[in-house]
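One chain, chain A, links the two complexes that follow: it is found with chain B in the first and with chain C in the second.
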Partner chain A sequence: MPEPILRVTDLKTHFRDSRTGADIRACDGVSLDLNAGEIVGLVGESGCGKSTLGRTIVGLERARSGSIRFKGQDLLALRGKTGAATRREIQYIFQDPLSSLSPRQTVGEALDEALIINGEGNRAARQARVLELLAAVSLPAQLVHRYAREMSGGQRQRVCIARALAADPKVLVCDEPVSSLDVSIRAQVMNLFLKLRDDLGMACLLIAHDLAIVRLAAQRVYVMYLGKIMEEGQSADLYGQPAHPYTQALLSAVPLTNPDDEQARRRILLSGDVPSPMNPPSGCRFRTRCPAARAVCETAPPMVQRGAGHVALCHFAADAPLGAL
Partner chain B sequence: MTWLRTTFRVVGWPTLLLVSSFAFIAIFGSVISPYDPAAQNLSHSMQSFSAEHWLGADNLGRDTLSRLIAGAQTTLIGVVTVLLLAGTIGMMLGTLAGYFGGWLDEIVMRFCDFGFSVPSLFVALAFVGVFGPSYTNMILALSIAWVPIYARLTRGVVAAAVSQPYIESLRVLGASPARIIFRHLVPVALGQVLVYASADAGLLALAIANLSFLGLGVQPPQAEWGQMLVSAMPYIQEAPRLVILPGIALTLLVIGFNLLGERIALAKNPRAMSRRKLSLRRAIFKKEVEA
Partner chain C sequence: MIRTTHPAPPPLEVDGFSVTLHTPNVSVRPVDRVTYSVEAGEVLAVVGESGSGKTILNMAPLDLLPVGVDADMAGSVRFEGRDLLKMTASELEAVRGSGIGVVFQDPLSALNPVRKVGRQLTEGIERNLRLTPAQSESRAAELLALVGLPDPKSRMQQYPHELSGGQRQRVGIAMGISGEPRLLIADEPTTALDVTVQAQIVELLKDLQKRMGMAIVIITHDFGVVSGLADKVAVMYAGRLSELGSVRDVLVGPAHPYTRGLLQSVPSLTVPMDTKFVGLPGQPPNLAHRIDGCAFAPRCAEVRADCRGHRPGLLSVPRSSPGHLAACPVVVNQNI
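Let's look at the complex of A and B:
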């Protein structure tokens, strides 16, 4: 197994609550690997810290501790011009493509600016590259003169992807890249990510709450809850034999297309709200809402190996019934 | 010429006529003015409306029309200079505070709080009190007093824009702070500042007249409306026109600037309606409900 292109180890990103001064532990000791040419899913409820993790990786938030190793270098220790050049190889795709494009720039201008920032000095070369970038995301060249508001949601998101590609990234962090798009457009944009992976060998961290989208694209999946990774595994293992009660609950909330199956299956309804990340529960973070919680859950759970690359942060992960769903 | 048509539609012809005629008078004042505004002719002292002096002459026999024209020049040059100075410095401070945040933001905003807690006119008064009354000192004083307004306005706009994904994606792309500030944040802030400044100009014209009226601004023999008012005070019984005419000029200019500002603000953001219009609307709505 080669060294992963991006390795996040025990990353902590905390925010300070301005009123109480308490730490909001948005991301509280997360470890995650991303191999070259791999699409990895990161799923969880809103507020579980998955966006914070993505934003910390690209440097939009400051990490409290831990390390982010990219191509063998620690991103958190990098400074200055070379640091910026390295960091540029990880790009970010936002959820809302309209607000991630400047309202006063045309598509051509936005892509041109991204190329200038990336150090391309020659005007003619930039113009040619802009057309290449548009072609790479399957957009017609006529769109160069359009403003963001004059395009459809899918076109806007493609422009955002093209702009990210201007920096020649090795890793794309995509924060809910399709959740603001029409269902009919989602598959197109997801296929674009698959194509980029196949053509350019790009690695992609796909942050989403839509489990079906992640299942479609990701080879491996991480499940996050309240700032911690609860379960990780190959997509097939995790969806087929979820080991963590939280993953099981998440999966049981996905509607099935066959109404008979839908009638027959057992749904796990979680009660209560996600606890405050300012004061997370001791021991297992999920124990306050877990249907299987017992006294032992008040102690920190171990990472239990379930299969090849399939681990879950639960006391009972080893003896959870296989194929419970 | 579309921009001209757009301006016309947004601002409307009465406002445009009012403001542009003042601008015309200020720019071509020395050409159209019939007399030297400072030239005394004691034989024409206190002359009323006449063919020689259309708007009469004051106690020293100086032509009132020429002095009104020169006053427009003095006022408008003052207003424009203060807006340029205060706008530039305020925008610089506000942009830095909004972009970098942290302690810089704290310092700039506390400075602004101080500026807001003391009325602008008092700040200007204190400055002139220390450095002595003159046209230049008045302009400097007003600029200092007006900086916090523009710093706070810009800071608000910039701080809101900084957390927009399009600015964040520029940061992820590796854009330098200078590029983000000058290419993206300043243009956004400039729009807001221009809208505010067009409404603010009226207030500034009043402040200039105020200071000059108190003898802290423009010094005689330079003509200025507030200064004309105060020097005509002793003759208010004998020749009320000497007080009324500069007053009318000042009122028209302030009305012009206020209308301009209101129209532009309304065109940019229809919800930002003046309280007057809102209460009018509420009254109509109430009537409809009762009916």
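Let's look at the complex of A and C:
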């Protein structure tokens, strides 16, 4: 297997609580691989650190330790102009397209500006490229004169993706890219990610809390809880045979739209909230909410191999019952 | 005149209800001749995308639109037989506290940031249930325990920002039910929450509904919440009901092309893994413009020439339950 285009190793991003001076361990030793032409899902509850991980990858947060290797170079060690040029190959898509577009710029101006930043000096070349970018995200050329407020949410998010594509990126980090959109228009954006993957070999890290959307888009999925990866696997394995009690609980909480299925299902209700990342539980971080927790869970759990590329951070992952496949 | 031989009027009867909003430039009608009712102990879900009018439909009769919005209302919205639209401000205030409880979408903005949680709860309880401060305090602690907040006494000493999103929403629900209402209106109570917390809140509402015998109107765009909680579903599009029926009729046998399209847009955990994402083309109409014919026609796969002629009303869906209605003559005629 070729080396992944992006390899995150034991990454730690901590924040300091201004009142107590304590460390908020948002991202606390995470390793993650992303291959070219692959959409990888990163799921977990709010506050688990998934956005912090994404923001650290693109340089919006500063890592405390660990490494982020992109095409063989350590991004955390890169400085200056070459660093900036390399970083541009990793682009970020924000959750709310309306607040990430300027209200005073037309679509054409926003894309033009992105092309200038990426070093395209020729005006005529930029004009041609703007139309190519709009076509790449399946938007009509007439949209160049529109302002953000004059478009629908799905169109706005596609403009944001077009702007990211102006940098000719190899990796897209997408943080909840459809959660602010109405359900009937989410498909426009999700199918665009699939197309970019298939046509351009784009690698996408899809950060989302909607497990059903991630299931259809991602080949592999990481499940994060309190700053740590709890389970990792091919989508078919992770959704079909979840090994970690946290993954099982998350999946069982996803509501089903068919009322008969919804009544028949067995739900694992987790009690309480995610503990504070300032003072995470010792041993297994999930043990305070885990329905299967035992005494041994107060010690740090091992990463247990369940199958090819399928691992779970749980003392009992090897004995977890096999789900229906 | 009230005749005692008649059964009690239902908690909510909405009849030909319209809302027109006036701005300096345009007048729009986000709610257009909507009719439905909610029986005692029943849970109705009002489903629709942003801009469909579902929040205005429910908040306007309670005078809970944002300050400064100039709204004209027509038709009637009867709570236990009394028309909310004909009530004075003080009558409405009395109903809002003890007859109808409200849970807002964003619990952080519904709570006063500079007052302790306990004080905000007891204030309403003192007024609505006419209890002494000491009685209200113990009632508030009971309510917080009822909505599943551990250690309610110390929670009452906290400020809203010291609670998590799920805890704040529980406080919001506790406030909504604090006047022991017969009808609870919950506007997107789970939208800002994670699925694990959402599941807890849905269980909580179901449990409260059973124990207190309340009727609930839940406003949501999430069909998953609908299937777990509702008895009846009203689907809204461009200010009108496009489909109305029992939860099974609407979610398992949807008739209106909009409902079908919306349901297909929600991927479930049970579809094959190589399924492509399906959505609806286009976008909802701009309500500031005149809508001729069916408002969904520009996005509809089943559209015919006469769909653009006049705007269809709700029709009985053939070969379904009696109360199952859809505003689509094309589908209804196909099925006869």
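Heads up, the rule we're going with is that the second predicted complex is superposed on the first by the 321 of 325 C-alpha atoms of A that agree within 3 Å, B and C clash if a C-alpha of one lies under 4 Å from a C-alpha of the other, contacts with A are read in each partner's own complex, and residues count from 1 in each chain.
In this text, contacts are C-beta pairs under 8 Å (C-beta built on N, C-alpha and C of every residue); 3 or more make two chains touch, one makes a residue touch a chain.
Everything quoted here is computed from the prediction, not taken from an experiment.
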### Query
Sharing chain A, do chain B and chain C clash or fit in the superposition?
fit
### Message
I'd like to know which partner A:Ser152 touches here: chain B for first, chain C for second, both or neither.
### Response
second
### Message
With both complexes superposed on chain A, which partner does A:Tyr239 reach: first (chain B), second (chain C), both or neither?
### Response
second
### Task
Decide which partner touches more residues of chain A, taking chain B and chain C as the two options.
C
### Query
Touching A:Ala318, do we find chain B (first), chain C (second), both, or neither?
neither
### Task
For A:Val183, decide between first (touching chain B), second (touching chain C), both and neither.
second
### Task
In the superposition described above, what is the shortest C-alpha distance between chain B and chain C in Å? Please give a whole number.
9
### Interface residues of chain A shared between complexes with chain B and chain C
none
### Message
Could you list, by residue number, the parts of chain A that touch chain B in their complex?
### Response
58-60, 84-85, 87-88, 90-92, 94, 96, 99-104, 113-114, 117-118, 160, 163-164, 166-167
### Message
Per the contact definition, I'd like the list of chain B residues that touch chain A in the complex.
### Response
164-166, 168-175, 179, 183-184, 187-188
### Query
If you look only at chain A, which of its residues touch chain C in the complex?
45-46, 152, 154, 182-188, 190-191, 194, 209, 211-213, 215-217, 235-236, 239, 249-251, 253-262, 267, 269-274
### Partner chain A, residues of chain C touching it in the complex
49-50, 150, 164-167, 194-200, 202-203, 221-228, 247-248, 251-252, 261-263, 265-271, 273, 275-280, 283
